[in-house]
Amino acid sequence: MSGVAVRNAPRAPAEVIERLARCGVATLHEAQGRTGLMKPYMRPIYAGAACCGSALTVLGHPGDNWMLHVASELIRPGDVVVMAVSADNEDGMFGELLGTSFRTRGARGLVIEAGCRDVKALREMGFPVWSRAVSAKGTVKATVGSVNVPVVCAGVTVNPGDVVAADEDGVVVIPRARAAEVAQAAEAREAKEEQTRRRLAAGELGLDIYGMREALAKAGLKYFDDPPSS
Amino acid sequence: MSGVAVRNAPRAPAEVIERLARCGVATLHEAQGRTGLMKPYMRPIYAGAACCGSALTVLGHPGDNWMLHVASELIRPGDVVVMAVSADNEDGMFGELLGTSFRTRGARGLVIEAGCRDVKALREMGFPVWSRAVSAKGTVKATVGSVNVPVVCAGVTVNPGDVVAADEDGVVVIPRARAAEVAQAAEAREAKEEQTRRRLAAGELGLDIYGMREALAKAGLKYFDDPPSS
Amino acid sequence: MSGVAVRNAPRAPAEVIERLARCGVATLHEAQGRTGLMKPYMRPIYAGAACCGSALTVLGHPGDNWMLHVASELIRPGDVVVMAVSADNEDGMFGELLGTSFRTRGARGLVIEAGCRDVKALREMGFPVWSRAVSAKGTVKATVGSVNVPVVCAGVTVNPGDVVAADEDGVVVIPRARAAEVAQAAEAREAKEEQTRRRLAAGELGLDIYGMREALAKAGLKYFDDPPSS
Amino acid sequence: MSGVAVRNAPRAPAEVIERLARCGVATLHEAQGRTGLMKPYMRPIYAGAACCGSALTVLGHPGDNWMLHVASELIRPGDVVVMAVSADNEDGMFGELLGTSFRTRGARGLVIEAGCRDVKALREMGFPVWSRAVSAKGTVKATVGSVNVPVVCAGVTVNPGDVVAADEDGVVVIPRARAAEVAQAAEAREAKEEQTRRRLAAGELGLDIYGMREALAKAGLKYFDDPPSS
Amino acid sequence: MSGVAVRNAPRAPAEVIERLARCGVATLHEAQGRTGLMKPYMRPIYAGAACCGSALTVLGHPGDNWMLHVASELIRPGDVVVMAVSADNEDGMFGELLGTSFRTRGARGLVIEAGCRDVKALREMGFPVWSRAVSAKGTVKATVGSVNVPVVCAGVTVNPGDVVAADEDGVVVIPRARAAEVAQAAEAREAKEEQTRRRLAAGELGLDIYGMREALAKAGLKYFDDPPSS
Amino acid sequence: MSGVAVRNAPRAPAEVIERLARCGVATLHEAQGRTGLMKPYMRPIYAGAACCGSALTVLGHPGDNWMLHVASELIRPGDVVVMAVSADNEDGMFGELLGTSFRTRGARGLVIEAGCRDVKALREMGFPVWSRAVSAKGTVKATVGSVNVPVVCAGVTVNPGDVVAADEDGVVVIPRARAAEVAQAAEAREAKEEQTRRRLAAGELGLDIYGMREALAKAGLKYFDDPPSS
C-alpha cells in the first residue's frame, strides 16, 4: 500500500499523552509488559532530548525524503513524526529546514530509521530527533511512499495515532487503544519505584525487597566464603 | 606508492578556505553536487567540533602511527591532517601528545579512519578530531607509509591540498580546483536557504515553496480523508 | 562454574588504586605493556565519566540481570562491578534503582558487556557506567550465574580483585599482582610525557625527540620536495 | 500480549501456496509492490535452501527457546515457523532435535531472528532454516512468550497464516488476504520476464526494451565519446 | 607478558581428544555447562570443516603475522593453533604457505581472530580454518607477541593445552583439567539425545518428553482455541 | 561529475589481463605493494567465483540501479563492471535479467558495493558477482549517475580501464599503467612461492627460509622450555 496519504488519522487523547509524557521510556516499556520498544540503534541527536506525542507515520525509500514534505502538511500540534524506510539507509533525510517547518506546524519531534543532518542547528532550536545515524548526505525527491499508514520502524509496528515516547533510553510505541491503561500502570509503577528507591538508598537490598533469596537457592546458587582453590 | 613523503604539496587558497569555513558540511556537500562526503561512521570526538582547511594526507597501516610523526613536520598553518589506513583498524593512533604537536605546528584538526585517545585532553585543548572509534589502544612505529600522496579515506579520494571541512554532520572533501566554485555555490545556497527558512517558519509548506504537488500527483500519490477500511 | 557466589574475594590495596586512579586509561594500558584493554565498543554513558577500583565480577545471561542483585550484597566500598554475559546482549540490565543500591553500597562504577538504561538519572546521580549499548529493554530474573569468579568481559579476562580503570578512552584491567608495578610505571610515564608535552608545545618534533629519522630512512621512507609527476 | 498460544490460527489456502512456491522471493517481493521483505541479514543455513508455507508465528525472548517447543505441538503440515525475539539475540535456539520434531509434524522450514545450530545435521536432513546467525550457544526454558500472535520479524509484520516464502535471496511475507492476488501478479511477471530474458540473451538492451533513453536524457544524462580531459 | 615463546606447553591426552572429537561443538558446549563457546562471528572458511585438538596459543598484533611463524616450529602433531590479536583486525594473516607448513608439522587446524586468505587452496588441501573474515590483505612481520601463553580469543580464555573443538556450529574450548569429565558428559548426552531423536521422529512432543506442560502453565501460558478478537 | 556516460573509455591490454588472471588476488595484492585491495565485506555470491578484466565503472545512488542499464550498452567483451553507490546501500540492484544482458554483452563479472539477487540463477549461469549483501529488494530507476568516471568502491579508487581481479579472497584493483609491471612481479612471486611451498612441505620452517631468527631475538622474543610459574 504505497502512494497513500491519509489526512484524518486518529490521534491519542491529549490528556493521556500528558500523563505518559511524565514517565520515562523505560517505565512505559515495563508498564506495557516489555513490548513496543524500538531497537537500541535509535539514538537521540543530543543529550537530554525527550518527547511524547501522537504518531504521524511516514513510509519512504532509501535516499529519498520526499514524503517528509508530504507529512509536514498533515502534522497537527502534538504529533511526533515516525518515518520508516523500505530498506536500510543512513542518508541525512532531515535537517534544519524541515525542522523549522515541522516545529512551526506543531510537531514535537521526529523518530526516523535513517540519518539526520544539521544536528547543531536542531539542537539549538530544541527540535529533538531520534535516528540511526548522523549524516550530511542529501536525498532526492523521486519515489512516492505513504503517510499515515501502518509502518514497521526499528522493529516495532507503529499505527497512526499510537503514542510515541522517546528519551535518552530509546523509543517506545504504545498502541492508542492501550494508552490509558499503560498510563495508569506506569504511574503505579513510578509510585512503587519511588518507595523502592528510598529503601535501596537506605541500604536495603533488592534481594530482600523483592524476596529473591529462596528462588536463587532453588535455582542452584551456592555461596562460598572464599574462592574455590583451583 | 608507499614510503613517500612530499614536502611541498599544494594548498588551497586561504581566502577560499575562509569562505568555505563559514558554511556547514551539509551545505558544502550539496553545493558540489552531493559528492565528496565521507561515510557517516566518521564522528567528531566532542560536540561542537568544526574545522576547515587544506588537506595534508597520510597513509598508514593498522596498529601503526609512525607516519603521523612524519606528517607533523610537514604541517603548515591552516592544514587539516587526513589519515587513511591500509586496513580497517580502530587503534588509538592519536592522542594528547601528537595533538599538542599538531596544534603547535598550526594544524586545525585531524580526520583519521582509525581510533583516537585522550579525548578529554583533546577536548580541553580544543583540538578537533573526527575518527571511526575512540580507543586507548597504543600503536607501534614499525611500517612506513606515505605523506602527501592521494589516499582514500572513509570512502572518499583525498588529494593533498584538497579542502576538508568537518563538523557535527560529518566530513566533506572539496577538490582544490573546484574550491572557489563550490564556495560560490554554497554561499548562494545559504542565501536561498535563509529565505526558505523564513517562509517555512511563517507556516508555508515545502510542498508549495518547492512546487512539489504536481510531481507527487504524477508519481501516483493519492490523498484520502480517512484511513481505508481494511 | 555457574551458580557460585564468593563472599570474600580479594581486593587490590586502596593505596595502589588511588595511585592508578590519578593516571588515564591510555597511560595505564601503555604502562602494563599494551595489554588488558577492553574492546572499544565499551563506552561511558556520559561525557567525563571516570572511575578506578577493585573488580567485583559478575557472570550473567542474555536478557537476565538477576546476578546484579546478588552482586549488590557483596559490594564493598571502592569496588567497580564488572559484568560479563554468556552471549552478546544489549538489554538494559542496569538502571536507576540498581544504581541507587550500588552507590549506597559503595560501588564506584559499573562495567557491563550489555545495555544500560535510565542514563539521565544515572548521569544526574553521578554513577558512571561503561556499556556496549543504551537500551530501555527490561530483563528477567530467571537463570543463575556467578559472582566473583573469573570472567571474560569485552575481550579481557577479569579476576575478582583486579584493578579496573575506566574513563572516556575505554576500560583497562590490571591484574592485582601487577598493580603496584603498573602504578609505578604509569607514574614514570606521566612524568616523562609531561616533559615531552612541553617540548612538543615548544615546537620540537617527535621525529627528533624520539630519534626516528634514521629508522624511517632505513625502513625506506624517501622525501621528495615536490609531488612526483604521474 | 505475552503468554498466549492460539491453537486454530488461520492458514493460507494450499493451492495458492503451491502457486507462490513456484516463484522466487525476488519475484514475489516485486509482485506485491516491493513490500514484505525481511532485512537481508536473514540468511539460509545452506546453499539451495527454499521453502514456502503458511506462517505459524512465535514470539520468544533472548537466550530462551521454550516457545519453540510450544509451537511444535501447534504445527500443521505445510507450516513455516517464524520466530521473533523481544531483543536482538544470536543464541542457537534451534537444532537437530527440534528440527526432527518440526519435520515430523510437517513443518516446511523455520525463519528465526536469532541463531541456529547443528547446521550440518539440518542440511543432511534437508530441513531449511533462515537465521541471523549460526551459533552453538544453548538456551534456557524460563520465560513464556506467545504462539500465533502477530510478530515483527527482521523488520516485517507477520500475522499467523500469512504466506512466508524463503530462498537464497531472502525471506518475503505475503499477507494472507493478498496471497491469491500476489500469486497472479507474480505469474504474470514471470511470464513477462521470460520474454525479456530471451530478448536480452539475443543482445537487445534494457535501455530499448524498457524505453529508458528519453527519460535518461531528460534526467540529464550526457554521453561523451571520450573521457573529459581533467 | 609479551615476547614469550614456550616450547613445552602441556597437551591434552590424545585418548580424551579422540573421544571429544566424536561429539559436535554444540554437544560439547552443553556438556560443560554452556561455557567456553567463542563468539559466533568465528566461522569456518569452508562447509564441512571440523577439527579437535590440543590448543597451541598465539598472541599477535593487528596487521602482523610474525608469531605464526614462531608457532609453526612449536607445533606438535594433533595441535590446533589458536591465535588472538591485541586489537580487532581482519587482515589475511594466514594462507596457503603457512597452511602447508602447519599441516606438515602436524597441526589439525587454525582458529584465528583475524582474517584468512587463499581459502580455495586451503579448502583443496583440506586444512580447516575458523576466522572472523576472509581477506587477501597481507601482513608485516614487525612486532613480537607470544606463543603458548594464556590468550582471550573471540571472548574465551584459552590456555595452552586446552582442548579446542570446532565445526560448522562454531568453536568451543574445554579446559584441559576438565576434558575427561566433559568427554564423559558429552557421550552420555549423545546417547540420551539419540533416544530423544527417535521419540521426536515418532511424533512425540518435547512438551511431553521433557515434561514442560506444568511449568508453562505455572509461568502463565494460556491456550486459546481461536485468536482473540481485537 | 554526475550525469556523464563515457563511450570510449580505455581498456587494459588483453594479453596483460590474461597473465594477471592466472594469479590469485592475494598474490596480485602483494605484487603491487599491498595496495588496491577492496574491503573484505565484498564477498562472492558463490564458492569458486573468479574473474579478471578491464574495469567499466558505474556510479549510482542508493535504491536505484538505472545506471547498470546504461552500463550494459557500453560493455565490451572482457570487461568487469564495477559499481559504486553514493551512500551505503544493500538493495538487490542486480539479478538474473541484468546478468543475462551483461553476459551476452561479454562482461566477465560484476563488483558492486550494494546487494545482489537471483543468486541461484546467477550461479547456475556462471556469472560471478562480488557484493556487500544478498538481497531480494528491488530498486527504482529515478536518479542519474555516471558510467566510466573514476569511482571509489569499497575503499579503493577505480578508474575506467584499470584491471580488476576477483576471487574467493576478495577484489583487487590494478591501475592500468602498472598492470604489466604487476603481472611480472606476480609471476616472479608465484615462481618463488612454488619453491617455498615445496620446502615448507618438506618440513623446513619459515623461520629459517626467511631468516627470521635474528630479527625475532633482536625484537625481544625469548624462548622458555617451560611455562613460567605464575
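Order as written gives the chain letters A, B, C, D, E and F; numbering starts at 1 within each chain.
The criterion applied here is as follows: contacts are C-beta pairs under 8 Å (C-beta built on N, C-alpha and C of every residue); 3 or more make two chains touch, one makes a residue touch a chain.
Please read all numbers here as calculations on a predicted model, not as lab measurements.
Enquirer: Taking contact as defined at the start, I'd like the list of chains shared as neighbours by subunit B and subunit D.
Expert: A, C, E, F
Enquirer: Looking at C-E and D-F, which one has the bigger number of contacting C-beta pairs?
Expert: D-F
Enquirer: Tell me which of A-F, C-E or A-B has the interface of B-C again, with more than half the contact pairs shared?
Expert: The chain pair with the recurring interface is A-B.
Enquirer: How big is the gap, in whole Å, between where the Cα atoms of subunit C centre and where those of subunit D centre?
Expert: The separation of the two C-alpha centroids amounts to 42 Å.
Enquirer: CA centre of subunit A versus CA centre of subunit C: separation in Å?
Expert: 30
Enquirer: Could you check subunit B for residues that touch two or more other chains and list them?
Expert: Answer for subunit B, listing residues that touch two or more other chains: 1, 34, 40, 86, 88, 90, 135, 137, 142-143.
Enquirer: Draw the chains as points, connect those that touch, then say whether the picture is a line, ring, star, complete or other.
Expert: Here the contact pattern is something else, fitting no line, ring, star or complete shape.
Enquirer: Return all touching chain pairs.
Expert: The complete list of chain pairs in contact reads A-B, A-C, A-D, A-F, B-C, B-E, B-F, C-D, C-E, D-E, D-F, E-F.
Enquirer: Inside the complex, what are the residues of subunit A that reach subunit B?
Expert: 1, 3-10, 46, 66, 69-70, 72-73, 90, 92, 95-98, 100-101, 104-105, 115, 117-120, 133-138, 141-144, 148-149, 160
Enquirer: Which positions of subunit C touch subunit B when the two form their complex?
Expert: For this pair, the touching residues of subunit C are 24-26, 29-30, 34, 37, 40, 43, 47-48, 167-170, 172, 193, 196-197, 200-203, 205-207, 210, 212, 215-216, 219-228.
Enquirer: Could you please specify the touching residues of subunit A with respect to subunit F in the complex?
Expert: 61-64, 86-91, 135, 137, 140, 142-143
Enquirer: Can you list the residues on subunit C that touch subunit E in the complex?
Expert: Subunit C residues touching subunit E: 1-2, 33-35, 39-40, 86, 88, 150, 152, 155-157.
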